[in-house]
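Labels for the chains are A, B and C, by order of writing; each one numbers its residues from 1.
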Amino acid sequence: MNTAIEFQHVTKGFKGASYNAVNDVSLSINEGEFITILGSSGSGKTTLLKMTNRLYDPDSGNIILFGENIRDVDKVLVRRRIGYAIQQVGLLPHMTVAQNIAIVPKLLKWDKKRIEARAHELLELVGLEPKEFSSRYPAQLSGGQQQRIGLARALAADPKIMLLDEPFGAIDAINRLNLQDELKRIHGGLKKTFLFVTHDINEALKLGTRVVVMNEGRVCQFDTPENIAKNPADDFVKSLINSCREQEKFWEGLT
Amino acid sequence: MGEIWSNILLYFENNLDAYLTMLQRHTSLSLRVLAIAICIGMPMGILCILFRKQQKWIVGFFQVLRIIPSLAVLVLSIRLLGIGMGPAITALAFLAIPPILMNTVAGLEEVPFFMLETAKGMGMTELQVWIKVRLPLAFPLILAGVKTATVEIVASATIAALIGAGGLGQIIFQGLSVRRTELLLIGGISVAVLSLTAVLLLDLLDCFLQRYKRGVST
Amino acid sequence: MELLRFAQRNYNLLLRALVEHIQLVLIALVLSVLLAGLLTLVAMYFRGAGSLLTYIFSIVYSIPSIALFALMIPVLGLGRTTAIIVLVLYNQFILLRNFITGLGGVDSGIVEAATGMGMTKSQLIFRVRLPLSLKPIFVGIRLALVSTIAIAIIAAFIGAGGIGLLITIGLETGNNNRIIWGVILSAGLGIIVNGVLVFIEKKIK
């Protein structure tokens, strides 16, 4: 199996913080995996993600994408090969849905026909009727629809790696479940490597083929959801699992 | 009333050419100053964002300049530069730059950080982030600054008649010195209509450019 | 040096111009705030009145002051009263915009909580909205004051006296000293008043 992403002793600190945001993290991720990174705010999960597309550069350590050290590749080129979606979505309000999806293909100078066809295909993939939605502006979309367009935009140039930073964090519980299912479906059909940051343990365990649990800049455990649930590696992971079990009891008490 | 009305008609009968010349001078002076103020104010606003340390000083300077009454600025420019079109343009530009500059700074600062980061995350270069994201998102506020500047320019260009800039202000000042009601009305209404027309045009432009906010698709 | 000598000789002239100017500005400001306060109350009680009033006064505000002065003379004649009326009209846009957005901008959670406790509309305005929007109200008054100082100078053309008179007479008679003192006093007054009010503004939470 191909290794898609490799973090080698990656460390990153910010001025004025008492501990490193990311502290000596080493992970090896295979092509086609759906990796969720679980942690509370300040755990370093977002910092780790942003180093993958060089929005931040590590203080020390290396990040290797498909055998290539990204330190040696121009930042802009690294980013154009990677899809990126965030909680606030960040659709450009003065561009239509189709124009938003076309941003990266345009940067890559695709021809017009190919861009149009791609936008059409992506809208269908994320479950929005192309005819109805391509000429709408972001202001005319609901939160869930905006995030679907955010995903389509990130997928536009057919990147091998997708970085998703709490993409469903601001979406109500019912829509969130739908979007999670669809993201899983999209991943299954595409053979892409997903890195998905979340602070929601249910989401992390549901979506991830493997889960990275982070706390205070360190990786507590990196394993399949089953193994994490069965054999939590340390007290922090144990407390996470316990809090979930508590909730389960609460539900059982109700029914 | 009847007398004023016939005096107004009489004025246009005898002075139509002079009136049109003044209107034309007023408009062209205002447009020229506006162009200069945009060409200086916007780039300076951008520079303020690029060089944050100097921003405080530049913005502070123009903030003080804005407080100084426009008549004082105009009169000062006669003292320093003499009478005529050149000094008038310079003085008016000084009055028009501050709102454009400050709104450019405010507009650019208001662009949320995550917008810039997603743009970068998609692989835009620094320049592309500016052209495709920062400036378009700052544009509504910049345009509001241009509108404020336009009102200021049309108003001060009226007073600049005192320092030899020509324009419709001449009619008002003549009316004041010879106490002629019809001149005050002709001058006053012309200047008011000119200013309101400019504002209306800029409002229409604003509506057109921001149609995406109302969500009307093209 | 010559400037200083001029000031020494014409001390009374300069002082009178300054005092007259401050009087004119203060009278206009007090009336402006009273009218704007009244209109704001109207806007609070009648939906839509606020945006309508703001829109109407934004049109007035877009008319250059010298033109508005010229248009008022046939109706009201020359003199201070006309000047004050025009100044009050101009200020309405600045004040209303700040008052209405200030009072309307109070956190909706607080407003709901107060309504839930059983406050009437008037109690809500005077006990909740007003105390919580002192800052925008004060900012509005500062902006109006600085703008009034500047426009009042142009009012000298219609016989309102004040610092503007130094400049207009100076321009007519070619007296440089008068003009320069007019510039110094007007700019100085604007900058000092603004500076003091910004200082006070920072103390308001």
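Keep in mind that, in the parts below, a residue touches a chain if its C-beta (ideal position, glycine included) is under 8 Å from a C-beta of that chain, and two chains touch if they have at least 3 such contacts.
Computed from a prediction, not measured in an experiment: that's the story for all the values here.
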Innermost chain, taking as reference the mean of every protein Cα atom displayed: B
Winner on C-beta contact pairs when B-C is weighed against A-B: B-C
Distance between the centres, which are taken as Cα means, of chain C and chain A, whole angstrom: 54
Chain centre separation (chain B, chain C; CA means) in Å: 21
Chain A-chain B separation of Cα centroids, rounded to whole Å: 47
Touching two or more other chains - residue numbers and ranges from chain C: none
Residues of chain C touching chain B in the complex: 59, 61-71, 73-74, 146, 149-151, 153-154, 157-158, 164, 167, 171, 176, 179-180, 182-183, 186-187, 190-191, 194
Touching residues (chain side chain A, partner chain B) in the complex: 53, 55, 76-82, 84, 86, 88-90, 92-96, 103-104, 107, 135-140, 153, 163
Of all residues in chain B, those that touch chain C in their complex: 4, 64, 67-72, 75-76, 79, 151, 154-156, 158-159, 162, 169, 172-173, 175-176, 181, 184-185, 187-192, 195-196, 199
Chain A partner contacts - residues on chain B that touch it in the complex: 112, 114-115, 117-125, 128, 132-133, 136-137, 212-215, 217-218
